[in-house]
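Take a look at this one; I'll ask things after.
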């Protein structure tokens, strides 16, 4: 009978809290959007599923061994941990959890050994997160894969489109200001690191957002990643009204000159030139852009096709699976069900909108100073969201001139946006670290 | 000359012990069975080969740095380690090894640093084991791959077959009782954790058995894995006599109604429903069944085919290689050449036989209470051993009615058995942990 | 303004040192050789690119967290680390770096926790190196893949060619003597471990060289790997003059009898026989040759084709990428721009030349004692450099007799050379370790 | 209260087997409800974001002449042998 | 000297956006110089160590009868279904 | 007893080269014995659990018209370009 009660007390139903139920419903909705509506399914299916796993009551899949030891609630264990954290007085386990979250690495090492001694283990998703995201490796490998899948031909044929990719990053930094504003007016409580991590949603680039969030605001990573991928999927709804509002019908009908042929050699040199520029100007962007350039060089150099193929297939797929599950581990109720998440969702859509507008306006500005006209509709593609944003440019363009295919022209700013947001990520990580010291 | 003597003293021939020779012969036999007889070669080839590597004298491939330091035998090192383990008196290196195996994590951390300081390193297979099995990740990834390869259509078309999968788990728990009986009569010395880990052999599911053994009885993992895979390969010999003994000729000729068409949507919902049920009822089965459901959802949802393909190919193959070698690392002579292994082998075959019988009898029971008849031959498929057991059902069925194809019908209980043994694994891990606290 | 200065001080241009510029140019040259000249591109593209990344000033991609903390230069952090390393007095950060490089594991563990507490992290390439090379796993997995790609048929058809593979290892050991000579005359400063690691370049086998260097002389790993792969690519230039100088025109025209058919079964038994011989004679070669034999057994046994395919494709490709980048991390200026590198480059080419000569001369020796003549041109293939060296034998042979196809005959000594250098690697690791104790 | 080994084994049998049966019975119920719900309310409108994965499609259809298939298979092998590294 | 949150946000905006523009402007310059240099001095002599990767080649050419293509595709599926484990 | 560097180098040469030769000589012996044993006692009854891996088979046979092969190869590229993500 005792055993039966034990099993019942162990069951999820008994331990379930409202927050966990809510999170499960949210994750089911993510799965619905991914599977039925095609919202970035490669990421949102693993994220949504990981989120459900993270919220299974009593399983502790997303918790570290120390957290599981604290949640286990054994008085002797709690006492031992409180001593390690130098807590003289504490009332609830939450006090110990707080102490754990603010402990220094040396103290954490002791706590880990103590928890291991009491037979507690890291949850599966916590291990995935540590290996894939906390180490930074998974977003970097994805970036390498994206590099191996990217054709810089359109950008090289028309390098001016890099300015569109630069302008669209305006969304990132205004969003930072927005987050800071919310914080200074007391509506939300974002630190400068939080604000920077939220801003990067406007980069419209999943791995970049995850990488920055993991460095600056790991607690917000779940919400930031969900916002980034959801809005990327919503680009066909967010962008067109803004594009129409900021352009005249004549501008939308501008036919661009056909892109020149780009030689193989230019494509081989490009990632090396970009890398050297990063090395000289912005070392803090080196991990992201370095891996990106490496992937692209493998693609273009033509002598390591077997490495390039594996990077584009097995390696990026395996990494995507574990990256997604790991992001899902950050969808625990106590982290996600917070007013901050609402702030992140609102600021994220602002970031996309401002970025889109800035890209379009930059295109119009370029048209003022240059003879060779740019259709401003391709400016919106500067936010990244490859290749969705470029397709949106193409689609809106076709509405006004059914013969005007903008897709290849829009691919230039589109991939420029990836570089632009990686640069922005580097600047922000570097500056925020200097603020915090 | 000194050097020559050193080389000779380093050579395997000089250091070889009878146990290691015996284990090498056993592993060669495993390779023979795998390659020549087709005994689950995907696992038994790496396991057998890993077993040979683990028994190479003097190489220490399956030993940790600390074990290698102890076996190295340098008096200063031994003295230092003895101090760390707080051994006042010790006679043989075996005493220090014993202290090492019972040391607390905090002491182990010191011992590791000491061994590293004396330039000893973990053996290759020890590292593989730590990363692949001790962390739990490899069996879970295999389970994800199995999920991505499993078609639940036959089960969804006839959900009653889940009862057959439930009944066949009877083999697991009676085997636990058997192990406990051997222990209480003093024939063997199994703890309750050992007994539970041995019982899971009856689940007829390799990754589940390895996962449970790694949690409850790592020392027995080698013998348990070898037994599990060997008996799975022997299913065509173990099951038919039991199936014939428990059924009448008429029963064996029962023709089952054709399975209804199962819609894509049902297949998408199934892993989600199963996951939610796990979350509500049995969180301790969440890692295994969660990964299983995730793999199956990737397969069925239709929007992440590239992830599903990689899961079914590159990822599961890579994991299988390292899982196999890691299991092989547990085939060291001092662990495997123990009366316990004999007990495990005997209990394992009992588990298979009881599970088979229970599945068949449950089918007969269902026939008593239901109008739609089930051919009891498919009950034996409930043990899992996918797809071997289902093929056996089909083959025996054809012997009695050459027009009666039972394969698809048997796939229902077959995959139900996988779920059943994962549930059993969850219960056992949870209950044994509560016994030990 | 302060921020702008901060960004400028953070920029690569400001922090760039001459050594780093030089290394970047060297790495660009490696990329040029790999891409334009086809010098072992699968390795040299990742190595060259990794080398550029490692030399990005201020990014610290190839540095550990502790090194990054020291280079960060914060006085409080430096003071803390100096205390941990028990430095009473120190003048430059270089003093602390030196103390770090000579610290014992227990002290290192403290330093790591301290650096983590000060928010410093391991660089990306440092992590890759730790996981892929320091653990030894990447070279071993590559070796497994090479095993899975190797057909031992030609060797089994003519086992005498193993002697050619043995003789060619003479290059390894004379190079060790050469390094020792340079050291004892005071020209260079190589330890016996350095000398052994340099010698293995003569093994003409990339993963073996990296494996040995990572065990015996990690600081020289970059130069050794670059030398090994470069000279492997230069085999068509290094070998022919030596081959011509040591053979008569008649010898070069020797037509060898066609190779007999080798049965599948012989091919299956071979890796097992080789493994057992390793186990009995030379346990120190067990990791390398064990993985090699395992890969080959997977290839030949015919029952695990899916594992063998993945080993030959996704797994070896993924490992190659990270192995290459990790090797690149050792191309930091302070390690590579050292007179030792020049010594390594010179000794490396000597090793190749001596190995080639020894192989050819051994073939001539065999011809003296045996009736069945061997064309001495296939002796040069004994250095390994699969399949380049065998192709060179074939090409030179065709020059003297356009009907004499030596390729398959040369594959025997070629793969024998792989075994030979793995054996040599085992002996050297074992003997050097005994010297150092 | 540490129960005896035998008692623990019996507990495992009873509660373990019980849980397995309860769980799988619930699963039968849920699956039946789910299937009924889907087939009744959501109709057979298939989720067709992407075509059925190809290999499965092929497993059923067999409308290619086996001889042609053999030639092509051979060609694929040669192609692979030529293009694979 | 710890500046206020708003000040930090403004700094991020100004220096961040500034760096992005400076960097991408430099990239425009470098890329233009690079393309000019390559097309002028190195000629269009393509780096042809290996044939262009196959899939890209295929994406442009379409000189295979779609019907034949369909048959072969089908054959490939069957081949895979037969050979894949 | 720490020998000098030169002594250690010579030791490596002698014992290293010695081991390499001893080991490979033993391997020659073992391989010869193995081949003789297999071919004499086990007969040429091939282990044929599975057909020979396909790519190797293809490398030897060449009975497909090169023109047909080219068409099919092209088709495969197109097929891949269409089906691969």
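Lettered A, B, C, D, E and F in written order, each chain numbered from 1.
Following the convention adopted for this analysis, contacts are C-beta pairs under 8 Å (C-beta built on N, C-alpha and C of every residue); 3 or more make two chains touch, one makes a residue touch a chain.
What you are looking at is a predicted structure, and each value in this text was computed from that prediction instead of being measured.
Between subunit B and subunit D, the least number of touch steps comes to 1. Most remote from subunit A, judged by the distance between CA-atom centroids, is F. Centroid distances from subunit D, each centroid being the mean of CA atoms, peak for C. Subunit A and subunit B have Cα centroids separated by 38 Å. Here the CA centre of subunit B is 45 Å from the CA centre of subunit E.
Mean C-alpha positions place subunit B and subunit F at a centre distance of 32 Å.
Subunit F has residues 11, 15, 19, 47, 49, 54, 72, 76 in contact with two or more other chains. Contacts with at least two other chains are made by residues 3, 7, 35, 38, 268, 281-282, 302-303, 305-306, 313-314, 427, 431 of subunit A. Partner subunit C is touched in their complex by these residues of subunit F: 2-6, 8-13, 15-17, 19-28, 30-32, 34-35, 38-39, 42, 44, 46-47, 49-50, 52-53.
Residues of subunit C touching subunit B in their complex: 104-106, 109, 135-137, 140, 268, 272, 275-276, 278-284, 286-287, 290-291, 293-294, 297-298, 301-304, 306-307, 309-311, 313-315, 427, 430-431, 433-434, 436-437.
Subunit C makes touch with subunit F in their complex at residues 155-156, 159-160, 162-163, 165-166, 169-170, 172-174, 176-177, 179-181, 183-184, 191-192, 195-196, 199, 262-266, 268-270, 273-274, 277, 281-282, 301-303, 305, 308, 416, 419-420, 423-424, 427-428, 431-432, 435. Across the interface of their complex, subunit C is touched by residues 3, 6-7, 10-13, 15-16, 24, 28, 31, 34-35, 38, 41-42, 45-46, 49, 52-53, 55-59, 61, 74, 110, 113-114, 116-117, 119, 124, 127, 313-314, 317-318, 320-321, 325 of subunit B.
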